[in-house]
Amino acid sequence: MAAFVPKDTDYEARVRASFARQRVMETIGAELSRVEPGEVDIEIRFREDLTQQHGYLHAGIVAAVVDSACGYAALSLAPPGAEVLSIEFKLNLLSPAAGESFVARARVKRAGRNVTVCAGDLFALKGDSEKLVATMLATMMTVVANSS
Amino acid sequence: MAAFVPKDTDYEARVRASFARQRVMETIGAELSRVEPGEVDIEIRFREDLTQQHGYLHAGIVAAVVDSACGYAALSLAPPGAEVLSIEFKLNLLSPAAGESFVARARVKRAGRNVTVCAGDLFALKGDSEKLVATMLATMMTVVANSS
Amino acid sequence: MAAFVPKDTDYEARVRASFARQRVMETIGAELSRVEPGEVDIEIRFREDLTQQHGYLHAGIVAAVVDSACGYAALSLAPPGAEVLSIEFKLNLLSPAAGESFVARARVKRAGRNVTVCAGDLFALKGDSEKLVATMLATMMTVVANSS
Amino acid sequence: MAAFVPKDTDYEARVRASFARQRVMETIGAELSRVEPGEVDIEIRFREDLTQQHGYLHAGIVAAVVDSACGYAALSLAPPGAEVLSIEFKLNLLSPAAGESFVARARVKRAGRNVTVCAGDLFALKGDSEKLVATMLATMMTVVANSS
């Protein structure tokens, strides 16, 4: 797969500044670990106050980190000044989100002028091994702010 | 649309007990407001610590309440002793999740022995009016515990 | 749900003309039966040459008619001269697509300037009764042609 | 990614026999080109009688070949005698399906006892190059026939 060329050389600072404004990420303890052109990782530690009825991470929390990773993968390729909004996503829950920590890895599948499609996976980390627990296919819209 | 007949007369208590074990619902301040056969509502108030970068409710929080509402709509029709797990869901974000409070309304579209499909909407509440801000189509699996 | 007001008074003729250019609809024997603002029905008869391995209508054929119905529901609300493209859809297959004829019923859930979200169902028809066999949630993009 | 080990040594013959019973594949001119454990390719040539209103392959035809490829990727890993049914799929249309021929490449992301999740892409072929035109995330159910 060809490497992506960012349209904004300052893409990493832009992604990190936007992530810092996502108040919910701080609330759930998620951290932005890797920002490359078209690829973003977000990490989150297991917490009991984020669980569903069986003690695993709730699907909404899984969705939160994978969707944000997808959105920032898209933003890393957007032109300066543009914003990225989630239009929709689909999340498959493959295994219980059990573990001590998790990483969401998102990458752009196709970057268009208006619409960017991203795929993201959530892995449970255990020592040196990773287990895939969820996978997302997401559609993002790039919105260029008007300077009227 | 025909009314659903629950297989478990104690369906409401079962749904409420399971919801009470979803620790994340307490964390985000979500409440189970309505439980009918095949239909469940969950309410959530806006909180700044649940927002994305533009100050609206984050899509993951939207997903959390609509997915839980869908899951409990499915559970309300499951036989006694069965559990319901989310296999996957798709969420469309139609408008910014702006407002003071929101209600997720989920209903079963088709209840099968193994697979139940639910649709859910999130509405922003303002006085007497409601505005649709997101819509979900979700697939749930019913798992009957083995008595070995 | 409020009725939709079309932006193009000639919406029905426009939808019917576009449908007539979808060569695949003729190939599979699908017909456009109802065109209202924001709501479109497409009918198809069972044919053995459209089946999957168990003798039911193949999911791709189901997708074809429900996606087209969704797209034309969106087009019925688009301004004159605009085109509608499918960005993505999700299809749940609820029951085997068995029967002699089927109707796809699509309606707009939210019409935006750029993005329109539609829901569509496929029903198997048997005498006076209908059985829901599939349901779709679809995202459409409205593209306004440039005059330059 | 680890290689998959098929549970049925006769997996290729089983997949090819089931594909041959999908009458719609013959109708649209699709051919099963590659069958490996957990990975299946299906090819289709462009035909004008399969197009939408702009002369590209209709999304339903795209869905048909990618869904069948996903289903057969799942079937290649199923135990002897089991069947695979599509529960649902989501398809993103990334670029117009323009070209002379196309290949759908599907692979299993997670094979479970009951539920298998597959990802599939459709590429337009032009000489030695491929262009990604659509991507699918699909959920399949494995059904083991009862011998009563």
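Observations on the structure shown:
Note that the chains are named A, B, C and D in the order they appear, and that numbering of residues resets to 1 at the start of each chain.
Basically, contacts are C-beta pairs under 8 Å (C-beta built on N, C-alpha and C of every residue); 3 or more make two chains touch, one makes a residue touch a chain.
Remember, it's a predicted structure, so these values are computed and weren't measured experimentally.
Counting C-beta pairs in contact across A-B and across A-C gives the higher total for A-B.
A centroid comparison over C-alpha atoms places D as the chain most distant from subunit B.
Subunit A and subunit B have centres, each the mean of its CA atoms, that are 23 Å apart. In whole angstrom, the spacing between the mean C-alpha positions of subunit A and subunit D is 28. As a whole-number value, the distance joining the C-alpha centres of subunit A and subunit C reads 32 Å. The set of subunit A residues touching two or more other chains comprises 87-88, 90, 92, 117, 139. Here subunit B touches subunit A in the complex through residues 18-19, 21-24, 26-27, 48-53, 58-65, 67-68, 85-93, going by the rule given at the top. Those residues of subunit D whose C-beta lies close enough to touch subunit B in the complex are 87-88, 90, 114-115, 117, 139, 141. Against subunit B, in their complex, subunit C makes its touches with residues 90, 92, 94-95, 109-110, 112, 117, 119, 132, 135, 137, 139.
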